[in-house]
Each structure stands twice: as C-alpha cells, then as structure tokens.
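Got a structure here, written out as structure tokens. Questions coming.
Order of writing sets the chain letters: A, B, C and D. Residues in each chain are counted from 1.
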Amino acid sequence: MKHHSILRVVSKLLIPPIILYALYVQWHGDYGPGGGFQAGVVFAVAFILYALVYGVDEMMRILPPRLLHALAGIGVLIYAGTGVVTMLLGENFLGYNVLAHDPKHGQEWGIIVVELGVGITVASVMMSIFIAFACHNPPIKDEEW
Amino acid sequence: MTNHPNGKTEGMPPLARLLSGFDKPRNVTRLFYLLLAVCIALGLADFLYHKHGYFAVEEFPAIYGLFGFVAYAAVIFLAKGLRLIIRRPEDYYEPFAIDTEDERAAGSDPEATGGKPHA
Amino acid sequence: MLDIIVTNLPALQVVVPLVAAPVCAMLGRGDRSWAFATLVSFLTFAISVSLFVAAYGGEPISYEMGGWAPPIGIEYRIDVLNAFVLMIVSGIAALVMPYARRSVASEIPAERQAFFYTAFLLCLTGLLGVTITGDAFNVFVFLEISSLSTYALVASGAWRNKRALTAAYNYLIMGTVGATFFVIGIGMLYMITGTLNMADLAVRIAEHGDSRTLRMGFVFIFIGIGLKLAMFPLHLWLPNAYSFAPSAVTSFIAATATKVAVYVLLRFMFTVFGFDYAFQASTLENVLLPVAIVAMFAASLVAIFQDDLKRMLAYSSIAQIGYMLLGLAFLTHTGLVATIVHLFNHAVTKGALFMVAGCFVLSAGTSSISSLRGVGRDMPWTTAAFVAGGLSLIGLPLTVGFISKWYLVQASLELGWWPVALLIMGSSLLAVIYVWRVVEAAYLQPAPEGVIRREAPLSMLVPAWILVGLSIWFGIDASLTTTAASRAADTLIGSSQILWQE
Amino acid sequence: MPEIGTPALVYMVAALIVPFVRPATLRQILLLAVPVLGLLTFWQLPYGTYGTFNLMNMHVGLMRLDALSYVFGLIFSLAAFLALLYAWHVRDTVQQVATLLYAGAGLGAVFAADLVTLFVFWEGTAIASVFLIWARRTEGAYATGMRYLIMQVGSGVILLAGIVLFYRETGSIAFSRMDLESPATWAIFLAFGIKCAFPLLHNWLQDAYPAATITGTVTLSAFTTKLAVYALARGFPGTELLIYIGATMTLFPVFFAAVENNLRRVLAYSLNNQLGFMVVGVGIGTPLALNGTVAHAFCHILYKALLFMSVGAVMYRTGTSKASELGGLYKSMPLTMIFCVVGAMSISAFPLFSGFISKSLILSASADTGHFFVWLALVVASVGVLEHSGIKIPYFTFFAHDAGHRVKEAPFHMLLAMGITAALCIGLGVFPSLLYGILPYAVDYTPYTVTHVVTQLQLLLFAGLAFAVLIRTGLYPAEIRSVNLDFDWTYRRLLPAALSGVAYLVQGTWRFASRIVMGRVDSLIAGVYRAHGPQGPLARTWPTGSMVLWIAVLLGMTLVLAYI
C-alpha cells in the first residue's frame, strides 16, 4: 500500500471526521436518532479503514485483539453495571429514575451510560470480527482440514 | 448294623472313640432289644394315667404305638412300590443334570477329598 | 441488601450469568474462568430454586424491567411452569459445570477455554431469559442469544472433530430459519394487536377474534419453535450438533435447549393463543400428533442402527421429544402433565446419558459403540450409570421414564385412544433395542486388545451419578415433579380459554 | 438405630460394599454384622407402619411391624446370621452378595405393608437366590437354576398380574386379608402357592435345593418358602382350601423322600412336608392354628437349617451327599453326627426338642376344629417325617454300612453354627414359653402333658421299632443311585418330548411357512435398514436444503389446515 499515496492521504484526512461523527451519534443517542449500535459501527469503520490502508498489523499495534476482547466485555459490564447500580439504589433493573435527583435527569444519565457501554461493545466486536477475518491466523490451520 | 466291623479306633476323634462299639453286631442286637423293651413299657404306661384325647379312637391303649408301627411299615412298603414305578437310571435327565455331575462342584473342601479345586 | 436481592431475584436470574459472561472472558486462564463460571452457575441455581419456592405456592411473580409498566415495558413473569423450567435449566448447568472441567480440558485448548465458558454462560443467560420473560419479542432476543452461543459452543467441538464446524454452520442456517419464522409470527401478532407483552397479547387477541393474519402468525410461530425443539422432520440439525459438540455442551443443551423450546411452545399455545379451540385442536391433532408418533418410531429406528453413541442418544432425544409433543397433542390436563413431567424427566435422564457418553469419550477417545466393547469391566461405574440411565430411557418402573410413560398412557386412555397407548409401549421396545446394543457391547463382548481405558475421574462421575440418582429418586417418589407439573398444567389451562369449552 | 424404613436397606447397602472390602476376614466380619444391624433396625421399634410414601397415588409402606411380621423378621435375621456364620469359609463374593441380597429381600418382603413393595422384594428373592445355585458353576446347576428362576419369576409375574387386577378392583394395594373370590385374589393365591411349593407346583424345590452350593442350600432353605407361608398367613388365613392342600403336601413327599438317594433332596422333600403342616395351620386359621404355623415356621427354619448344615458339612468333607456313598461317618465326624441327631429329633418332634412344641399346636388346632382326617393325615405324616428326616438322614450318613470315608471333623465355624442352632432347637424345646411369648396371639397351651408326651413317644418309638425290624429283616429299601420321577418329569421329559413330536408334525408346514415369513421379515428389516440405517434417508442430516423443504411442507400443511 506504500505507493497508494492518494488513498493514504485521503484516509488520514477522513479518519478524524469519522470518529467525530461516531462520537456525535453516540452522545446524541439519548434524544435524537442514533445511539450505541450505530455509533459503535461507525467508530469501528474508522479503524477498519485505517487497517485496510495501512495493514492489519498496524491497527493491531494500537488495538491488540486482547484489548478489543476486554473492551467488548467492559462494554457489556457498563451496560449491566448500570442496571445493577439502579438495583442497588432501590429501583428495578435498569430503572434509571434514581440515577439523579430528578427522574428525567436520571433517565438521561442512564441512557447515556448504557449507550456508551453498547457503543464500546459494538465497536470492539466489529473490529474483532474484522481482525478475525483479516488475519491469516485462524485457530484451525487450513492444512488441518 | 450289619457291616464290616472296624475295630481300629486310632486316628478317631475322642468322642467317636467313645461311640466306637456301636456297630458291633452284639451291641446292635442289644440296642434293638432295649428299644423293644422301652416300647413295651410305653405301651403299658397307657394303663397308668388318664388319657386326654380329642377323638374316641385315641382312648384305645397303646393306639399311638400301634399306629406308628403300622404307619411306618405302610410308608416303607408304599414307597417301595412307588420306587418300582418312578425309578430311573441316574443319567435319565442328561445332559445338564446335577445328578451325575461331580458333587464336589458344590463347594467341598478340596484337601479332604483330594479332589480338584472347585468353586 | 437482602431486601434488594429478594425483590430483584427475577432480574438477577438473567443478569448474573449475563454479567458473569464478559468477566469470564476477561479472566483469561482456563481454570480461573472455569471456577468463576461454576460459581455463577451455582448462584443461578440458587436463585431459580428460591424463585421456584416463591412461585410454587402462590400467585405468579411479575417484575418490571426498568420500572416500565407491563404492556409497554418488558415484564418478567414467573409462574409454576417457568419456575420449574428455570430450575431444570440452571440445575443442569450447575451439574454440568463441575463435570465440564476435565471434559473441556481434554477437548479444548487451554487458551480458548475462557471463551468457551463465556459462551456457555451466555447460552445459559439466553435459555433462562427465554424462560423467564413475559414479553414475546424478548423471547426472540434471548432465543437468539442462546442460539448464537450454542453455535459457538458446537463449533468448539472442532478441536476434536473438524466436522463440528460444518455441523455448527448447518445448525446456524437452520436455527436462523427457525428464528426468522418465529419473529415473522411475532411480527404478525404485533401487526394485529400492537403489543408484545404475552398477557396483553392474550387479552387483545381475544378481543380481536379470529383472523387470517392471526392464524398465519400462529402457524409461523409453531413452525419456528418446532424447528428449535427438533420436531420430527425439522430435527435435521440436531444429530450433528449433538454428536460433534464437546461432551459438556452436548449434555447441557440436550438436557435444556429443546426443553426450553417446548416450554415456549406451551406458553404460546396456551397463554398467548387462547382464542380458537377448534383451529388449534385441529392443528395439534392433524399435524402434531402424527409428527410426534412418527418421531417416536422413525427416530428410534434410526437410533438402533447408529454406531456412534452420542449420535444414537441424539436420535433417541428426537424420539423423546416426540413423547413430549404427544402429551401436548392430547390437549388434556393429564397430557400436559405428561409433557411437563417428561420435560423434567428427560432432561435428567438424557443429561446423565450424555455425561456418560462424555466419560467414554474422555477415556476411550471415541464414542463409537463398536469401540466400547468390553468397557463394562474397565469403567464399571460409568457403564453402570449408562445402564441405569438407559433403563430410565426405556421407561422401566422405579425410574423417571416410567412416570412419564405412565402419564402418557393414562392420558391416551382417558381419551380412549388406546392405539396410541399401544404405540407408546411399542416405541419403548425400540428403546430397549438400542440401549441393549450398548449394554451388549459394554458387558458381553470382549475388549479389543491393547486398549487401556481408565475409569472416568470423579469430577465427571459424580455429576453423572447425581443425575442418575435423581432419575431413580423421582422415579420412586414422583410426588414433587408430578405435583409441580400438575400445578403448571393448571396455570397453563387457567391462562387460556381453549380448554374451557370442553 | 435410626429408623430407616426397612431392614432390607441394611442388606442392600452392605451388598454394595461387600465386594470391595479387603481383606477377606474383614469382609466375613462385616457379613456377620449385617444381620445384627438389620435386626437392630426393628428390634425395639413400636408396632406400626414405617417408610410410608405415595407412589403415584398409591400408599406404599416399606415396613409394617406387627406381631406376625416381627416373628418372621426375627427368625429371618437369625437364619441369615447362622447361614453366614456357616459360610465363613466361602470366599466367593458372588455367593456372599447373593446371600445378603436374598436375605434382605426376604426381610423386605416380610415387612412389606403393601402389595407393590411385596412384589418388588418377592422378585428380589427370586433373582438373588438363583445365584446361590449358579454359584456351583456347572452346566447342570445352570440348567437347574434356569428352571428355578422361571418358576420363581413366574410366581412374581402372576403376583404382579394379581396385584394389578386387585388394584383395579379395590383401588387399594394394601396387603391384608383377602378372600378367594375374584381372579385377582386367585392369581395372588397362585403366586404364593408356587413359592410355597403346593403339590404339582413343588418341583422347583426338590430340583433346585440339591443343586445349590453347600452353603447356598442352607440359606435357600430358610427364606423363600417361609416367606410364602408368611404371605399366606397374612393374606389367606382361614381359607379352607389350604387345609386340604396342606394335608396333601404333608403326605406325598414322604414317599418320595423314602426312596430318594440324594440326602439334600430328601431334606428338600422333608421341607415340603413340613410346609404342609404350616399350610394346614393357615387353612384352619384359628388363633391356635396360626400360632402353630408361625411357631412351626420359626422352629422349622432352625432345625431344617441344622439338618442342611450337617449334611452340608458331610458333603464338604467327603464330597458327596448321596446316601449310597455315605455311612459310618460318626467315627470321623462325631460332633456333626450329634448335631444332626439333634436336628433329626427336633424335626421328628421328640419331647424336649423344638418340633414338639410347635407341631403340637397345629395338630391340636386341627383336632380342635374336628378335622379328623386331616388330623390323621398329619399324624401319618409325622411318622413319615421320622422316617426320612429323623432316621434316614442320620442313619445313612453316620451309621449304616461304613463307606470307608476317613475325613476330618467339620471346620470350626461350621461346628459353631451347628452348635448354636442345635442349642436353639433344644432351648426352644425345653423352654417353650420363649417362643410362645412372641407369637401373634396369646398362647394358652401346655405342650408337656403326660398324655401328649407318652403318646408322642409311643408314636415315634414304635415307628423306630418298625424301622429296626425292617432293617433286621432286610425289608428296608436299599439306597440305590437313581433318579426318581416326580412331577417335574412332565416338564423335563414329557413336555420336550411332546414338543418334539408336535414339532415333527408341524415341521413340514413350518418350514414352508417360515421360509415365506422369514423372507418377509428379512425384507422388512432390510427395508427398515434402508430407510433408517446410517446411510438411509431418515438418518441423513447434512443437506440443509432438505430441511428447508421440510419446513416448507410442514408450513404448507399447517397453513392449509388453518384456512380450511
């Protein structure tokens, strides 16, 4: 890919806006269209684009699969943890009302945190899947078939 | 008890030595007469006490004794007759019948019989 | 604190394994994740036992997710029936986990075990979620969680036999078809009623009355779940999935996954579609009854000719599912009791048998019946467990299998369908044949020379024997299971209108 | 001891453990401890029903403790202990486990409060006991065991059929007094009858007991038939039919025993004859008669075990139990001889021996109720008992012509077992109140009256005199190696012969028909295999397409149904 200078320059230019857009979708998910699922995918796309242009190894230097797996788990934990916190505060599971002094604020906080968890998980799972396909390092080698 | 007299008593357990004169013909005859005497005495004893029977026939003196004697003889003779009908050679139910198999298989002491070790 | 736990038990039932799954993935090493997952499975079992105790006597427990009231929010609704199923699922999981350590260690490389247990916990989450939820769409979601993780679990058999990958892929395709049918059905229901809550659905369907869309919806849901529960001609995914999956997985999903699907079918038939007796009855009588009877025979016959023990048991499972569907097809109280009792009994029996098969795989390296010759002498306890489980499969008195058959025969006689009763007994004879084939190989044939097979480790034997013990215990004293089943049948009938017209 | 439902459990658990206990001595000690522990489970328990639960809406009670079952439980435990002590030398775990299971099942059956439990243990005794025969490990023993098993399991199957019918008639499975008025009770009666060796159903007994191992026979003699007597006493007391069945039972074995050469078979016939007394007692059904039955069963188990033990000890040392091969053994085995004579005198009902105090109860009961001919039959049978068990067994074994066996005295543990049993026989004879005190009904009976003692002695001694006379005159039938026909001839010879005759006639047709049928069956199996075999269409699982096709078919079918 070294000689595809146009692709490299353009992608370098594109990646920051993509991430920014992903973050926008993420943080406006509570009252506008969007949310963790979409944001996660868009966010992952930025890194996948990077990997396509610069190679998977480069991407894995930033985000090793181990970290991605952990992030996927952490995302779920953030989601479920919110539910547990509301439970501990005396509401039902995922009953956000108690998260702030005002139920409306509570709902907002709750959604944002939950969506964050979703977003992290989706992004890291997307990237994991991409790496799994892109790396020629499957758990079962071709010769073994 | 008519069989080859065996005067030797050595090698026998002490208790057996005590009994060892038992099968001498002279002693067997003595024993027989002793039994006869006891029987007669028992028959006569019926006259000495008041019998409590369930049935009238029991009142007859020595009826139990006579009945025992007759019934015993009857059983023997009937059995002898029966044997004429039902007796068959030992291998009648062959194969797979225990009657002709080595009985030691049932768990005899292998030393004492000098036989082969069995189950 | 205790108060919080008690009020949130229904949520915890699902949340605990759900939260545990990612944690398990992050723990890394095999042993640590195993220990953690085992702990979680015990915890889950404890929760479901307390839920069962709470639901056994009184009213159904209702739990509102996120505090949103039922028709809009998601509701978890626990009555005797699903509390019973929850207990089966989590109980089997709690027994499979201790069993899994040695079995998994021999079948899956150490660095992958953490993910294996993660998938296992997710599968457990899914199955529990399907059972506990009172929301139709939520059923679909959890069904997918359990199915997806099951695909992964089946595929993880690939380290032992590469065909597991193909089996998992086939299962994925077929399972997805089933799930799609199911979601189409739910879509149709939503189209008509505008609600997804089961209780609310029932009310609105009753108000709405009969319509073609509704019937379409019913048929799609019926077929979709039929595939998930391996109803006879739709069973093709099952033998491969069961025989190529790792042993621990097989004993877990064989004992739980299809049972949960049967539960969903019961729930939709009675609680949701309580609207049209004649139509449902005709579907049951003309489709389910023949399908069930054919399953009892065809699958048993196939089992007779199989050489692989796990495969044989898999076909036997299909036949046993035939019994459960048969009880449902009777559409009487006794029939339902038979179905629910068999649900439990078969879970226990088949769980034990697949565990035994796993022991054979561990020690003999294979589960083919011809290579199990003479194994009765090398592995007496394992083989004895198989014999006891096999007796239950046949339905001998003093085993749970007998209790199920007893109720089935009784149900068929109540209706005067004595040919069906005869067929039930006839198919038991087929079970005698395929169980006997194994017993003959294990006890009567000489062991192949030079083969060393050691008795399975205690950690595997004990769970298998616990299940065998249960299958005998509840075969002798069936009062708990039959009473629970009878109450569950009462709830089902009470929640529907279809049987009222009788 | 904690309440554990049924003492059978102790035996079952022990049977599980025993095969794994090493060394052998520890195992023997454990074995001996089992009957003691079993006894402790019900020894001090107040009367009542224990271990009750609901089995599919039927009330099951594992242990019903009342006066009747208590006596039987006691004697069964005692018999199990003595048999195990006698078998101290046996190292064969098959026999040890079988003995435990058999005794346990016997106890379980005696305590069963309901018919289902009874059935389970009833079959248990059958299946466990056959191993005592098979343990001889010869082909003859195997065939005999099979015949025995068929009869015993047949009894169980008939019992089960009876129970099912009974349940359908009455809706209850409680085991209590029944009347012979429906097919159900007749079936149950027949099942009991087979195990009790009723005439024409008796051959399994004479067939099997001589075939078992030496120690096995001792065990066998105690449980099966007495269990049947118990079951009859529980279920059919006062059934008049039983009086005549019992009277026949006391008489006919006498003749067979007189000409039988195998001493263990002689004892089996004698066992049958003794059962007759008990059955008569059940048939009369008055408290006195039932007391007599129970007492006789109690004493009988002891002295019959003693006789089997002494003949067994002789067999253990000499390797044979045939009268024609034995004789003169008192010189080698004097103690065994004395114990044998004690057993012989007990079974012949000499005063001061246990038979005297129990048999008189039944005789008196029959006379009390005015059954003259029955009473007469019993008296004749008593003479017969003297003949084959009282005289023939000890005489031909220990006296008669010396067969030349010079062997050691029986091993110590056998002597000990025999000694204890002999002591019990005499003890019960001398102190009848020991036994009378535990009988189901209050006993108002004095066995030792002048009349009774004198008449009994007359009967026995004059009969003995007859024997002496016959021996001296050479009229007594000599012991000859032979097989004597009995009713088993019908199924061991007549039936096979008849079958082969019929088979010959039918063969032609059969061959013709079978060729066609077999052809059909073969093609059917082949067809089934084509469809269901590993390569058959029904076992194909890989094509996803066919699955989708099936979904379509099923969906279509259901939709069509939905729209009709």
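Methods note: a contact is a pair of C-beta atoms (placed from the backbone, for glycine too) under 8 Å apart; a residue touches a chain by one contact, two chains touch by 3 or more.
Just so it is clear, the structure is predicted and the values come from calculations on it, not from any experiment.
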Any chain in contact with subunit A as well as subunit D: C
Between C-D and B-D, the pair with more C-beta contacts: B-D
Where subunit B and subunit C are represented by their mean Cα positions, the distance between them in whole Å: 73
Computed distance of Cα centres, subunit D from subunit B, in Å: 26
Euclidean distance of C-alpha centroids - subunit C vs subunit D, Å: 47
Distance between chain centroids, defined by C-alpha means - subunit A, subunit B (Å): 103
Subunit B, residues touching no fewer than two other chains: none
Residue list for subunit C, restricted to those that touch at least two other chains: none
For subunit D, residues contacting two or more additional chains: none
Overall pattern in which the protein chains touch one another (line/ring/star/complete/other): line
Listing of all chain pairs that touch each other, if any do: A-C, B-D, C-D
Partner subunit B, residues of subunit D touching it in the complex: 90, 92, 135-144, 210-216, 254-256, 258-259, 262, 315-322, 327-328, 330-335, 338, 364, 367-368, 372, 375, 379-380, 383-384, 386-387, 399-402, 406-409, 411, 449-451, 454-468, 470-472, 475-477, 480-486, 492-493
Footprint of subunit D on subunit B - complex, ascending: 1-4, 6, 11-13, 15-16, 18-20, 22-23, 32, 35-36, 38-39, 42-43, 45-46, 49, 51-55, 58, 62, 64-73, 75-76, 78-80, 82-83, 85-93, 95-109, 112-113, 115, 119
Complex contacts: residues of subunit C adjacent to subunit D: 166, 170, 173-174, 177, 181, 212, 215-216, 218-220, 222-223, 226-227, 233-234, 236-240, 279, 282-283, 286-287, 291, 298, 301-302, 304-307, 315, 398, 403, 406, 476-479, 482
Subunit A - residues contacting subunit C, complex: 69-70, 72-77, 80-81, 83-84, 86-88, 90-97, 139-140, 144-145
Subunit A-touching residues of subunit C, taken from the complex the two chains share: 4, 8, 11, 15, 18-19, 21-23, 25-26, 63-67, 112, 158-159, 162, 165
